[in-house]
Each structure stands twice: as C-alpha cells, then as structure tokens.
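First subunit A sits with subunit B, and in the next complex the same chain sits with subunit C.
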Partner chain A sequence: MRRTLWLLIALALVVAYPLVFTTPFQQRLGALVLLYAIAASAWNIVGGYAGQISVGHVVFFGCGAYAAMGAYTHFALSPLVGIPAGIVFAVLIAAVIGRPTLRLSGHYFSMATIAVAELARLIVTNTEYLGAAVGLSGPTVARNVFDLSFISALPYYYLFLAVLIITLAITWWMTRSRMGFYLRAIKDSERAARSLGAPASRIKLYAYMLSAGLTSVAGALYAMMFGFVDPESGLGILISVKILIMAALGGAGLLFGPFVGAAILVPLEEISNSLLGGKGAGLTFVVYGAIIVLIARFQPGGILALINRLWAKRRAKPMDESIAQEAGHAS
Partner chain B sequence: MRFSHVIGLFSAAAMSAALVGNAAAQSKTVKIGGIFPMSGNAASIGVHVKHAFDVALDIINNPHPELGNFPLAKNGGLAGLGGAKVEIVYADNQGSPATGQNQALRLITEEKVVALTGAYQSGITLTASAIAEKYNIPFVNGESVAPNLTERGFKWFFRVTPIATDFARVYYEFLNDMKAAGAKTDNIAILHDNTEYGASVANTLTTAFKEKGIAVALDVAYATNATDVQSQVLQLKEKKPDVVIAISYTSDAILFAKTMQALDYKPPMLLADDSGYSDPSFIKAVGKISQGVFNRSSWSVGPAGSPTAIIAKMYKDKSGDDMDDTVARQMQALFVLCEAIDRAGSTEPAKIQAALKATDLKPDQIMMGYKGVKFDDKGQNILASGLIIQLQDGENYVSVWPKASAEKTPIMPYKGW
Partner chain C sequence: MTFTLVQVIVGGLLLGAVYALFSSGLTLVWGMMNVVNFAHGDFVMLGMYVAFVVYTLLGGGPLIGAPLATLLLATLGVIVYFGLIRDIMKGPMLAQILGTFGLALLLRYSVFWWFGANFLSLPENLVGGTFDIFGIRIQASRLLAGVVALVVTLALHLLLTRTTLGSRMLAVAEDATAAQLMGIRPDSMQAIAWAIAAGATGLAGALIATFFYIVPTVGETLGIVAFVTVSLGGFGSVPGALVAGLLIGVIESLSGYLIGAVYKDIVVYSLFLGFLWFRPQGLMGKT
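Then we have the complex of A and B:
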C-alpha cells in the first residue's frame, strides 16, 4: 500500500518535471534520461533478472534505429513505421544468436555478444543500402506530426515516458509470472534450477528476445529524436556499455534500478560535458569515470539497493515484504 | 524514492550553470558557438581548431594593419557593431552525433550564441545543424564534405569548403592547362583503395571526367593497408598511362612510392588526392623518392609578407604545428561568418542569414585558395576550389596552379628519385 503511494508520488514528479524545468536544454535532458531508462530497463530483463550479462545489446538498439531511418530513407514513410519492423528484426536476431550463445556461461556469453555487435557494425559499415559509413538520416523538416520531428523536447518527453511505463509494466508482469520465478532461480544457480526441472535454455532465450524487442524500440526512438544514425552512433559498442553501466549503477535486477541509473548518469554526462567539455580535452570523462568508480567501489549493488537498505534501517518496524525481497536480491 | 530529488539537484546545477553563463555575457560581445571534437579519437582536431580560432579572434578583435585588405583585420572588433568583440563558446561533441546535437541546443538556448560553426565529422554536422535549422540560427561549416549536407533544403546552413565534385573540376581544369602547355594528358589511370573514401572519390572523378568527354582508361583498385602492391604497379607500368591519379591513405601511399622505385616505374605525371600524400609522415618517409608528385590542397602559405604567410606564422607560434588544410578551412569558415555578422551590423540571426546569403568575398579577402566565397540557394560555396601543389626540391609542397596563386611553375615530367 505504502509502496503504491510512493510510486504515485514519483510518477507525479516525473510527469511534472518538464513543466517545472522549462528551458529546452532541461526538457531535452529529461527526455534523454527517459530514453536511456527504456534501453537500460530492457537490458535489465536479461542482464539483471536472468543474470546473463549481454555487452552486445547495441545490435538490437541498432535494429530499431536503422529500421526507423530506413523506413524514411527508402520508402519515404514515417520513421514510426520502422518500429515494428525493428522489433521483428531484433527478436529474430536474438533468437538466432541467442540459441548458441546462451549455452555459454559467465564471461563467455558476454564475449560472444561483443563479437556479434562488432560484426554487425562492420557489416553495416560496408552495406550501401544502410548508408555504409555515411549513415542514414531522418526527415529534417517534418512533413507531418507522424515524422516525430519536433522543435521542443516536450513531445519526446511524454512519448518516452509512455514507452518507459509500458516497458516497466511488462517487466513487472514478467517478474510476477512463472517466467520471473524461473529467471530468478536460474540467476541464483542455473544447475540447481535445471535439476529441479526448470527449462533454463528456453526461458533465457525468451528473456533475451523480449529484451531485444524492447531495446530496438529505444533505438528507434533515439534515431527519431536525433534524426540520424551511422555505424558508430547506432552500433558502437560504447552504447552497450553505457546501457549496462546505467542498469548496474542504479541496481540491476531491480524494477526501477535502470531508471535511477539513467537519472544519475545522463545528467552527469551532459552537464559535466557542458561545463568542462569546451575547456579541456577529455576532462568530462575523468569526472564521469571517477563517479562511476566511486559508486562501483562503495555501492556495487546499485544506488537503489542502497536507498532500499537505508529505508529499511530507518524504519524499526518490519520491512515491507516486496522491498525486503528486492533488497535481499541485490546484496 | 529519492531519485526525483536527484533529478532536481542536477537540474538546479544545470540552471545555475546557465545563469553563470548569462552573467558573464556582456552587451559588447558577439557570441559564436563552436562545436568540435575535443575528446575521442579526433580530439587533436579540437586542439588545433582552438589555436586557429585564437589566432582568428586576435585578428578580428585587435587591429592588424599588416594584413592589408583582409576583412576585419584593420580595426579592433567588428566595425559594423561599434567595435564589438567576438567570443567563441566551445562545446565538445565527443565524436557522437547525439552529443553534438545536445550541445548545439545548449549553445543556442542557454548560451544564446548568435551563430554556430563546426562540427568536423559530417554525421555530427548533420545533426547539429538540424537543431540550428529548427531554431533559425545560422550554421557555417568549414570542413565537412559529405555531399548530402547541402541537399536537405536547409535555409540556415552554409558550407564554405569544396566537396568531391569541386575537386574533380580542379583536376580537370589543371589537366587542361597542362595539356595546353604541351603535356600529354589523354590517357588517365585512377589508382584507389576500396574504402568508402577511395571508392567514392574515384567514382566522382570518373563520372565528372566522363561528362567532359574524357574516359578513364584504367581503374586500379587495391585493398587498403596493403602489404604488397607489385601487381598494381606492374599493371600501370604495362599500360603506360599519361596521368596516374592516386587516392590513398598514408601507409599505402608510402608503399606505392617504394614499390614504384623498386620496379623502376615513373608515370609522366603523378597526381595525388590529398589524404596520405599530404601527411607529414609521407613526406618524411618517401618525400625524397617522390619528387614532382602533384597534390591537391586548398591551403597554401603563399609568398612571404602575404596575409596567408602572416596568419600561418601566427598559427605556428601559437600551436607549434604548421597550418594544415583542415584547420585552415575551419578558420576560413569563422572569418566568413564574422564578416557576415559585421556586414549585417546586427546579431539578429535573420539579419546574419541575409548577410551570409549576400556574401561575395574575393580571392584576396580570404585565406584559402578558393576563387572566392559566394553561396548558392543550398548554402554551398560555389566558388570553393582547390590548388594544385607539387613536391619540389626537397620536402615541401609549393603551389603551382592556378597561376594566380602559384609560387613556382609546375615541373614535368615526374622526377621520382
């Protein structure tokens, strides 16, 4: 009950944010937080709940981005049309690469996903149809509202918020379903789960495909907002890493962990770049990196796990059951 | 759930940053946004462009009578705005189109810049200028060559640099002049690598030459970062073209020079396409056995005492490096923008846009070897062109064509070693 109340308050604050902070840069910052929160939440399904650390998620991000820009470039359609196409591609690719790679455990799975991502980047760089090294661009001057090419960041903000809510709702529903219990069992000990009859390979593959589809939506939204994708910005390994760090920093395996991570890292990156970027080469990344190192050193379970723990301590009463469960998971 | 507090905190930080920025702004300064890579794998570009812009601001903001007719040099500040000083607000694009666009938005809305320049990488120029277009802020680009940038129907985007089709014209006219002077230029071979750069330039040249009625007799492609190019050189040796146009990155260019010496092959004319052949390490490694190679560039130091020579010296004193073609083109874009603001006599974006459209700079008013600066409806500089330079007597390129900006006369045939 209390949890629902806090959720509603948080939601109200997020909804009100762009109405309180009204400059274009602040609104855009808010939209970017939500965008990365979508991508990180999608990663969380397979990386957090199933414990399979994919470092190649940018492949699915790229599927969405290229599908959206491709729909415009090759068929003069609204980039929105690319979203379902991107999802289909992403889920198919996830199925094809997931079957063999999900058998690998631990680091080997991560390495395999990196290899796939780099391969995709190289293939696209040499594919004329996908703009090769030059990239594909979207509608620069909006023909109609469906081109989603707005001056203000406000429409993007609420669009991204809606998609984020859907993503989190799917994740929540998944954790409550039979699949969620299987995933947690697999994460704790895959061998034990298998011996108890959990269809581990199949469940991991489903989680991977679901995660891939949602990540591709984030990619498509990204491409629509910026109106451009090239191999580096759509399939560069750094995007995967960024998504992963956000989820881990906020709290992997927690429903709102990735959102918290995005809400910290995106403003940190943009603001440190704004304040320091023009002055000295690379100073931004020194500050950005230092904060990540500090959090990783002192709070490896993620910020949200820390907040949950402090919250639990402050109240002498027994903890709310679900929070206790989540905090227990992260530590 | 304290994350909303976190958002608030960071937003407050953003706001205070914006307030500080505004407080520092004075009524007598004209703020221009400069978006460049200051970190990532192109960070050296950002370092160089800052030195170059410091030199440019020195010329604009302080009296420099020694530069003669050069625009904005004579008096301090912009005369059209009562001597207002120009200030550059830099932003790091981090090599990412997304960051470039975010920073463009910040410069426009928080720093209140009146115009933008940058952003080096074509993809970032594309996204950053898209925001400028939406906010009706002029964007003057000096160095991005992707053709599609000026094909978007933008009204606020202006590009000063020549692009591949312009280079094709330079080659064509140069070869024509050489022919008139008695050289044989009928049989052309193009040697290129199979990268995006090599393939697209070769393609543009072949198409452009065909339109003029010249067929490229031989097209020799090779894989970049080659370890052996004997078969390519032997192919050229056997077909004996009059002109070999070479499009290569540095390591391949060096390998070709060595292989040509080993196989004793000298084409009558070797014409290179910038990149590898302009790299100082090419000249250091094989300059002595590549004497007489022609190359294209839009930058040339010019005779001692000329404005370009003075600017080159100022830049060298500031940065410790020689001025190169890229940084010179970026600097030229800033001069074009400031000249337009001065002529507009206003910092209103619409007036600057109108002034940019009316820009008509003559060759003696610019530092690059262009025929001038004048924009077409798409925002492309129609007078953008290049020079032909030649490696003569040692390790320095000297400009040899067109005659108006030539330091020396072209030497034929290719001497080699």
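Then we have the complex of A and C:
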C-alpha cells in the first residue's frame, strides 16, 4: 500500500517535470532521461533478470533507428511505421544470434555480443542502402503530425514516458509470471534450474527477444527525436556501454534501477558536454569509466540496492533489539 | 603476384607475432585467475602512446620507448591488480565485466581527452628503411617488432614452464588454497602475472607504434584481436596464443589484400564469432 502511494507520487513528479522546468534544455534533458531509461530497462530484462551481460544491445537499438529512418527515406512513410518493422527485425536477429550466443556463459557471452555489435556496425558502414558512413535522415519538415518531427521536446517527453511505463509494466508482468521465476532460478544457478526441469535455453532466448524488441523501440524513438541515424549514433559500442552502465549504476535486476541510473548519468553527461564543449566528450566518458569501476569495486548491486539495504536495516533495527532481548531472557 | 602474396604473408606473420605477444598476456591472466580483462587492448594502446611521447619529448626510438612502456605498463598492471582485480575477482560476473570495462573506458577516454581523437603516427624512418630479402621487401620497423615479439613470447613460455617462478604461478592457477599451504603467496603470484601480462602489452604497443596508426580507440580493435587469438589458441595457453596470433595476422593481411582493407576486421570478427558459436566446448577449457 505504502509502495503504491510512493509510486503515484513519483509518477506525479515525473509527469509534472516538464511543466515546472520549461526551458528547452531542461525539457530535452528530461526526454533524454526517459529515452535512456527505456533502453536501460529493456536491457535489464536480459542483463539484470536473466544475468546475461549483453554488451551488444546497440544492434537492436540500431534496428529500430534504421527502420524508422529507412521507412521515411526509402518509402516516404512516417517513421512511426518503422517501429513495428524495427521490432520485427530486432526480434528476428535476437532469435538467430541468441541461439548460439546464449549457450556461452559469462565472459564468453559478453565478448560474443561485442563482436556481433561491431560486425553490424562495420557491415552497415559499408552498405549503401543504409546510407553507409553518412547514415539516413528523417523528414526535415514535418508533413503531418505522424512524422513525429517536433521542435519542442515536450511531445517527445510524454511519448517517451508512455513507452517507458509500458516497458516497465511488461517487465513487472514478466517478473510476476512463470518466466520471471524461471529467470531468477537460472540466474542463481543455471545447472540447478536445468536439473529441476526449467527450460533454461528457451527462457533465456525469450528474455533476449523481448529485450531486443523493446530496445529497438528506444532506437526508433531516438532517431525520430534527432532526425537522423548514422553508424556511430545508431550502432556505436558506446551506446551499448551507456545502456549497460545506467542499468548497473541504478541497480541491475531491479524494476526501477535503470530509471534511477539514467536519471543520474544523462544529466551528468549533458551538463558536462554543455559546460566543456567539444572537449567534454572525452571527459564525460572518463567520468563514466571511473563511475563503473567504483560501482564494480564497492557496490556491484547498484545504488537502488544500496538504498533498499539501508532502508531494510533501519526498519529491521527494533526487531534486532527485541531478538536480542529475547535471547537475553532465554539465557 | 606470387612475390606480392609472399610479402603479404610475411607481413601478416610479423604483425601476428605482436598479436601473439599481447594475447599471451590476456591468456595468462585468464588461465590463472579466470578473469577476463576487457581493458587489455587499451593497455596496448597505452604502450603505443608511451612510445609516441618518448619520441616527441626525447626524440627516442623503440630502444628507449619499448623498455619504458614495458616498465610503466607492468607497474600499471600491479596497481590494477591490487586496486581493482583482487576484489572483483571474487564478486559476481557483472562486477568483473563492469570493472574491467570501466577501466577500459577510463584509459581510452583519458588518452582521448589529452591527445584528442586525431590519428597520430611515428615517422617512418624512425627504425631505418626497408630490407630486400630474396626480392621480398620488408620494413625494418615491422621486422624488429615481429622478431622481438616472437622472442619475448617464447621467453614467456619458457618462464612459465621451466622456472621456479613459473611453477609457482601454475600452482596458484591450479589451486590457490593448496598453493598457499605449500608456502606460495597467491597474492604475489597473481600480482606478478598482472605485471607480466600488462608489461607484454606495453612492449607490444611500443613495437607496433613504429608502423601502426596511433589513436585512442585502437584498443577496442586490438582487444577483440586478443580475444580472437585466445579463443582460437585455447584458454590459458601461451604456445596456443603464439600459433593463433600468427594465423590471425596472416588471415588479416591476406583478406585485406585480397578483398579490401575495410573487410579485414569483418573477416576477423566473423572468425571469432564462428569459433565461439561452433566450438564453444573447446573454449570452455577445464571446467
């Protein structure tokens, strides 16, 4: 009950944010936080809940981004049409590469996903149909509202919020379903889960496909907001890394972890970029790197896990004392 | 035609020897501690920049650059071991991957921030001229890099198999607790392994800097090359890394020559995925 109340308050704050902070910079920042929160939450399904650390999720992000811009460039359709197309491509790619890749455990899986992402980037960079090194552009002037080409960031903000809520609802539903239980069992010990009859390979593949589809939506939305996609912005390894770091910083395997991570790192990046200009790009990633090293070293569960633990400790304290007293009585 | 082909193969072998050198560092740490260093390629990149700085500040060639890069990177390896690896080794998989990945970003973008994203290179005549052996032209810089890398990789193999230190390190790799009971400190052995692994990358970086392009993101490509080499050569095996490194050097050179330079990375990455996908049982090693 308390939890629902807190959630409603948080939701009200998120809905009110662009109405309170009205400068273009602030609204754009808010929209970007939500966008990365979508991507990181999608990653969380396979990276957090299933424990398969994918460093190649940008492949799916790129599927969405290229499908959205391709729908406009090649078929003069609304980029919105690219969303379902992107989902189909991403899920198909996930199904094809997922089968052999998910058999690999731990480091091997992460390395294979990096190789897949780099391979995709190299192939697209050499494919004329996908704009090669230059990339594809969206509509410069909106023909109608379905082109989703707005000057203000406000419409994007609410669009992204709606998609984020859907993504989190799907994640929540998944964790409560049979699949969620299987995933937790697989993450704890795949061998034990298998020996108890959990269809581990199939469940991991489903999680991977679901995560891929949702990531491609984030990619499509990104391309719509920026109006173009090129190999670096649509398939660069740094996007995978950003998504992963946001989820890990907030708390991988926790429903709101990725959102918390995005809400910390996106403003950090945007502000450091605007303060430092072109030179900031390098420095931002130095800070990113330092943050991940520190999380890995001191708080591998992420910030939200730390907060939850402190919270639980505070509430558990009186209980500890009563237990101590009882123990005293007994002796 | 045949002469050009032979020349391409020789060039591939010489570059492959350097690949073998830095990959044997990765395979050593991997085999000994079951930790994968995602920053390995960036260590090589640092070695290249050390060589570059040595040249711009002191005007020195690889004779000064290579030992200095080896020493500096070995020190960095020890620092990284005690500061990060020792703790994340025992942690969850996510922490291990994040930790070394974060380190990679930290190193790559510190260099990016300091030197910029421009392609740098050392003057071509730093290591004098070109040899002509039976009509095959070989740049002296490539010959030096290949030969030194080959010798050092073989020396590393001898160190691991023929000396007391090597036996101790293997004992720790086999069972750290048992080794400790025999009076071997796992901590020291693992720190030495990191010093050797990182030192090898420093040396390799300083050697290829004499003919390779120098750019902060080069570590990403080289890191993947190291992963391919290790997965091909077998987990924890230095001789395996040597054979695989030479093979990859040749494959890369040939595909660059026969199908075009832009496709050589595509060939190497596909090869890597092919190996991971179709021969994973060979990669899983002892476990």
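The rule is simple: the second predicted complex is superposed on the first by the 294 of 331 C-alpha atoms of A that agree within 3 Å, B and C clash if a C-alpha of one lies under 4 Å from a C-alpha of the other, contacts with A are read in each partner's own complex, and residues count from 1 in each chain.
Operating definition for what follows: contacts are C-beta pairs under 8 Å (C-beta built on N, C-alpha and C of every residue); 3 or more make two chains touch, one makes a residue touch a chain.
Predicted model only: the values in this text are computed from it and were never measured.
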Query raised in the report: If you stack the two complexes on chain A, which partner ends up touching A:D230: first (subunit B), second (subunit C), both, or neither?
Result: first
Report task. Could you look at A:V260 and tell me whether it touches subunit B, subunit C, both or neither (first, second, both, neither)? Result -> first
Query raised in the report: Just subunit B (first), just subunit C (second), both, or neither: which does A:I151 touch?
Result: first
Query - Partner chain in contact with A:Q26 - subunit B first, subunit C second, else both or neither - result: first
Query raised in the report: Which of the two partners, first being subunit B and second being subunit C, lies in contact with A:H74: first, second, both, or neither?
Result: neither
Report task. Could you tell me if A:A296 is touching subunit B, subunit C, both of them or neither one (first, second, both, neither)? Result -> second
Report task. In the overlay, answer first, second, both or neither for which of subunit B and subunit C A:R191 touches. Result -> neither
Query raised in the report: Given the touch rule stated above, what does A:S110 touch, subunit B (first), subunit C (second), both, or neither?
Result: second
Report task. Check the residue A:S137 against both partner chains and state whether it touches subunit B (first), subunit C (second), both, or neither. Result -> first
Report task. Indicate the residue numbers of subunit A shared between its subunit B interface and its subunit C interface, in ascending order. Result -> 279, 281-282, 284-285
Query raised in the report: Where on subunit B does subunit A make contact in their complex?
Result: 1-4, 6-7, 10-11, 13-15, 17-18, 34, 38-39, 43, 46-47, 89-92, 94-99, 101-103, 105-106, 109-110, 122-123, 126-127, 130, 133-135, 146, 148, 152-154, 196
Query raised in the report: Once bound in the complex, which stretches of subunit A touch subunit C?
Result: 47, 51, 53, 55, 100-101, 103-108, 110-112, 114-116, 118-119, 122-123, 125-126, 237, 241, 244-245, 248, 252, 279, 281-286, 288-297, 300
Query raised in the report: Which part of subunit A faces subunit B closely enough to touch in the complex?
Result: 6-7, 9-10, 13-14, 17, 21, 23-26, 28-30, 32-33, 132-135, 137, 140-141, 151, 222, 226-228, 230, 232-233, 256, 259-260, 263-264, 267-268, 270-271, 273-275, 277-282, 284-285, 304, 307
Query raised in the report: For the complex, which residues does subunit C have touching subunit A?
Result: 36, 38, 83-84, 87-88, 91-99, 101-110, 112-113, 117, 220, 224, 227, 231, 262-263, 265-266, 269-270, 272-273, 276-278, 280, 283-284
